[in-house]
Amino acid sequence: MKVMMKRGASLKEVGNVLSGAEEAGFSPYVMRQEERVTVCLPGADRRRVEALAASLEGVQGVAAFSKNYKLVSREFKSADTVVNVSGVPVGGKEVVLIGGPCAVESRDQLFRAAEAMKQAGAHLLRGGAFKPRSSPYAFQGLKDRGLAFLSEAREAFGLPVVTEVMAPEDVARVGEHADVLQIGSRNMQNFRLLEAAGGAENPVLLKRGMMSTIEEMLQAAEYIVAGGNPNVILCERGIRTFERQTRNTLDITAVAVLKDLSHLPVIVDPSHSTGHRRYVIPAGLAGIAAGADGLIVESHPCPDEALCDGTQSLLPEQFRDLASATKAVARAVGRDLLA
Amino acid sequence: MKVMMKRGASLKEVGNVLSGAEEAGFSPYVMRQEERVTVCLPGADRRRVEALAASLEGVQGVAAFSKNYKLVSREFKSADTVVNVSGVPVGGKEVVLIGGPCAVESRDQLFRAAEAMKQAGAHLLRGGAFKPRSSPYAFQGLKDRGLAFLSEAREAFGLPVVTEVMAPEDVARVGEHADVLQIGSRNMQNFRLLEAAGGAENPVLLKRGMMSTIEEMLQAAEYIVAGGNPNVILCERGIRTFERQTRNTLDITAVAVLKDLSHLPVIVDPSHSTGHRRYVIPAGLAGIAAGADGLIVESHPCPDEALCDGTQSLLPEQFRDLASATKAVARAVGRDLLA
Amino acid sequence: MKVMMKRGASLKEVGNVLSGAEEAGFSPYVMRQEERVTVCLPGADRRRVEALAASLEGVQGVAAFSKNYKLVSREFKSADTVVNVSGVPVGGKEVVLIGGPCAVESRDQLFRAAEAMKQAGAHLLRGGAFKPRSSPYAFQGLKDRGLAFLSEAREAFGLPVVTEVMAPEDVARVGEHADVLQIGSRNMQNFRLLEAAGGAENPVLLKRGMMSTIEEMLQAAEYIVAGGNPNVILCERGIRTFERQTRNTLDITAVAVLKDLSHLPVIVDPSHSTGHRRYVIPAGLAGIAAGADGLIVESHPCPDEALCDGTQSLLPEQFRDLASATKAVARAVGRDLLA
Amino acid sequence: MKVMMKRGASLKEVGNVLSGAEEAGFSPYVMRQEERVTVCLPGADRRRVEALAASLEGVQGVAAFSKNYKLVSREFKSADTVVNVSGVPVGGKEVVLIGGPCAVESRDQLFRAAEAMKQAGAHLLRGGAFKPRSSPYAFQGLKDRGLAFLSEAREAFGLPVVTEVMAPEDVARVGEHADVLQIGSRNMQNFRLLEAAGGAENPVLLKRGMMSTIEEMLQAAEYIVAGGNPNVILCERGIRTFERQTRNTLDITAVAVLKDLSHLPVIVDPSHSTGHRRYVIPAGLAGIAAGADGLIVESHPCPDEALCDGTQSLLPEQFRDLASATKAVARAVGRDLLA
């Protein structure tokens, strides 16, 4: 629900609506378009909002939100959002590459991987410290030790770090060690986690749920932006279908649809979507050709020894090939690879 | 990973493995089959477990788990598990009915619903206080006020209560007000929440993710059982497909597959799977015929005024029809409706 | 397109429209509701129909069809259609069982199967002479020899026969040997075959495409009925999804939806939908509970030696169990098993 | 089944196997690898083949086919197949563009479309004379009149023509008017049609079924090649999923998988896969980046007046943009646009 203030409502009147809403247990926020102020009350019950509004000055009316998402839409903001990741612009004219291992396995493994990524042209380093795994008996990451290694590697190689956060209570801790908070596919509709990410300082990389529609993905992003964090990077990583030759089905058109409907940057994960090393480069280049702002790719110094996702991890020299091919395709569509 | 103790290993030797594992940051638990003790270390790294085991007495060897789930399987326990929900047995010879509104909207609405459910033959009352919603702008439940109303209704009508829990930090609070903790479809792979539910006293109703496989569902249940909570009720609630006449596609055969692979009770949600009131009864009866141990069904005193899911909510008199039809079909397959 | 005649248009005027339409290359047919005659021109181009209508008497106007299907809908005919299969009523109060092997493999195998089906209580005999197979190198049926064996078995055991037809040019030949023409899942949108079946004397069993929506299935049935053959039996046989524990996902709610939207009989194939013998009975009973008018089930005297689909074929004694369980569930939902 | 001849078997011995197999009702063909001859008997029953082989000289043994497809695989032929379409090479180093309207609506419409395609850089002209439509009441094409217009347009503009064939009995007739026979998505497993196409002189463009796996597509192509027609072009056109923002989900990785497993050319249809004009160019460029050998794209002189698929048809000037962007992306991946 939203409370639309009269044109020229005073700050005090707006303030009264805000404090009344907070007392009623809502989580209000203010939007200003031209001279009009609207107090948004996400998830509030119409009848209670109407009761509240009836008792306050300066209110023009009460209405339901007209769409399921707004702040992330092109209608709300037509220009592309460029997310600044510790100096690396994501969503600008130049596309970026994020590389690294699926999981942080040891300090040594991570450092070899980070060095290889740096040399191969990656702009950001990825690596999981907390690993969501279907089975409770699978390797679940080094957790806090992994975070510490990531912090070290960031300093050592000057690569900003992307890593996954799995629970609201970890957001602050992960945010201290990493530059970008990744919300994984299985958590795309973990709404408490989205709310926590909305209160974070770090940019958020939001992966599409393997079972989620494009519209649901935009609504999930809206949770984060409405929570106060405008720095969201969307990531298409494949959806579930009946096809079994690939791990998931990369929904390449989703890139174009997301760029059409939203101003947020969109990247592609050709590793999880294909599941096989030899399809990662063609799928990644397809992403760039379709308009993606970057790629996030798994690469491991010794894929055969990886604790997870080895079959889909590029060798470092393949990552280098990917970087040069990405540059060529980016230029073909009027962009470039970030230097 | 798991550490297999020698036959006849002493309690002290087992204790040393446990404490060594805890110091190393693992979360060990013990399984005993016949005279053999195994210390399980879910998610641990093989190399570190081997290093640990090499330094300890009474250890026979170290191995990976042979399956992705074990405790929930028929191989581990062949007899059906009957979950006792405050006196209502779920998973026994007699099938049960869980009814109530999608969301708790007010004290009055909930009380009218609970009274109608009691009269119509429901054994448990359902109702959402915390509502996971795709859009941040949709009604998200009365939250703690809703919990309090559920508590009151439970006392007033003598119906145990099932309600959803959305985050680990809410598990204890929700568990005080409700009898059964529901983990919703979007959270089926929220592993932190599963772990928290594994530590709860309450039985857990685990809904299948809308694009999760049967195997993933059993692994999710394994998280809860391995965490120490054996009282898990599985719920098939429809999966996502290309078909658009129904909200989801009820995977009826999943009922038979789950009963075949697992000893846990299985119920069916014909409301979310169909999305239309007039298909709820045939879908529910199909569930019973396929071997389900019960149904969870949305019913609202005034579906047209419901804040969510009104189109799929049965009228109270339809719920009564469902109860008598369920009784007939249950008897046809050698069971009965719980009195 | 359709040409609506004026109220009271003469037979001659209607005749002129029909012959003009035929000359123009259309395939017209006449529908009469109350006192109003409409000449239907399936698939015709609006501009050409308008030109034709402008030159003729008694025409009220020209319009597009308002729906994608009409003759098969409940709006057109509210009472259930009962298809008479050589004396066996399909779609009446009593449900029917169709049983037999996937493929006719030899005279001996078919006769043993037919005898077992007769004894186990099947009302119709199924068996494939022409087998559509994904690979050109798989066994494709005995073809005409298989048809001859089916004819013999029908006489010997007094069981009407259902068998698949794969091409328009085979419709007449198959129709001489069999009672019911089956159109398989892969051919549900083979429109030429549908048209040919529309001109046949035999009832048609139309299986849902594994990739087809309920609406497309009704449109496919409309092709047959609009072609002049009102005796269509719809068959839900599972759709493709991401789930891999079963061969397909039986869309049980489709039974209720089809019965709601159409007056045609609906049966369920629990063999192809599940793919495993031990799930066939629960899935079949679910079908009856959901409102199906019968089941079509694979059964083989020696499933382990079957040339195709052995793992999903019931043993004859299991078919007998299915029959008695079907009777019990049918009675529970107010119906019965055909004697 | 296949009959493997002894090394050095005489021509007469091979001939006897062939004629024996034909008498038995099989459809044999011969494969020769190095000095070894194998007589292939697609779809034959093992027991009958063994009986046949036992009575003949020069036979080494009998075996089942080891794979579901063979002739279309890279193992059988490692070099890329280049299909010559009346002088236009498909599958070579240079990518090709196929453009034109969904349906032939009139001579005038087709000629305007063909002229625009010629000017915009298309190498082949597409246009449907026979239209498979879900509803019997939808426009089904101009049929033979449409074929005649296509023939005329081919002469007038020098563009080879691709058009759909829907039934075995039409293969010869369509093949006289068109250069390439298209087998549509709904007919990918119409095995009689595949067999008929296997006997045709024309190259075949085989579209992937909208819920067919990659492996099934290769098996469908195998039907055509095993039937004697090696000139098959594979076309990825989107599969059915739960996503609703696009008409289908373009399975972009299928391009890379098909190129990996098969030597046949692979093209992409970004029109049917996306369903919206504004996503056609990004999806098409993604196809080229992923390794496709060409694109087939709907374009109409006046999309808003199109009798079908107008919303996904490019304007002629957009097709020109697509051509120049295709050239740039093709060059970026080491190829070029055919001049």
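Order of writing sets the labels: A, B, C and D. Residues in every chain begin at 1.
One rule holds in what follows: a residue touches a chain if its C-beta (ideal position, glycine included) is under 8 Å from a C-beta of that chain, and two chains touch if they have at least 3 such contacts.
Nothing here was measured: the structure is a model prediction, and the numbers come from that model.
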Averaging each chain's C-alpha atoms to get its centre, pick out the one most distant from subunit B.
D
Report which of A-C and A-B is connected by more C-beta pairs in contact.
A-B
Whole-Å distance, C-alpha centre of subunit B to that of subunit C, is 39
Could you put a whole-Å number on the gap between the CA centroids of subunit A and subunit B?
30
Centroid of subunit A to centroid of subunit C, CA atoms only: how many Å?
48
At least two partner chains per residue is the criterion; list those residues in subunit D.
211, 215, 240-242, 244
Going by the contact rule at the top, pick out the subunit A residues touching subunit D in the complex.
211, 213-215, 239, 241-246, 249-257, 260, 273-274, 278-279, 282-283, 285-291, 325, 328-329, 331-333
Under the definition above, what is the set of subunit B residues touching subunit D in their complex?
211, 240-242, 244
What does subunit D use to touch subunit C in their complex?
1, 25, 40, 42-45, 64-65, 68-70, 105, 132-143, 145, 166-169, 186-187, 189-192, 209-212, 215-216, 219-220, 222-223, 226-227, 240, 307
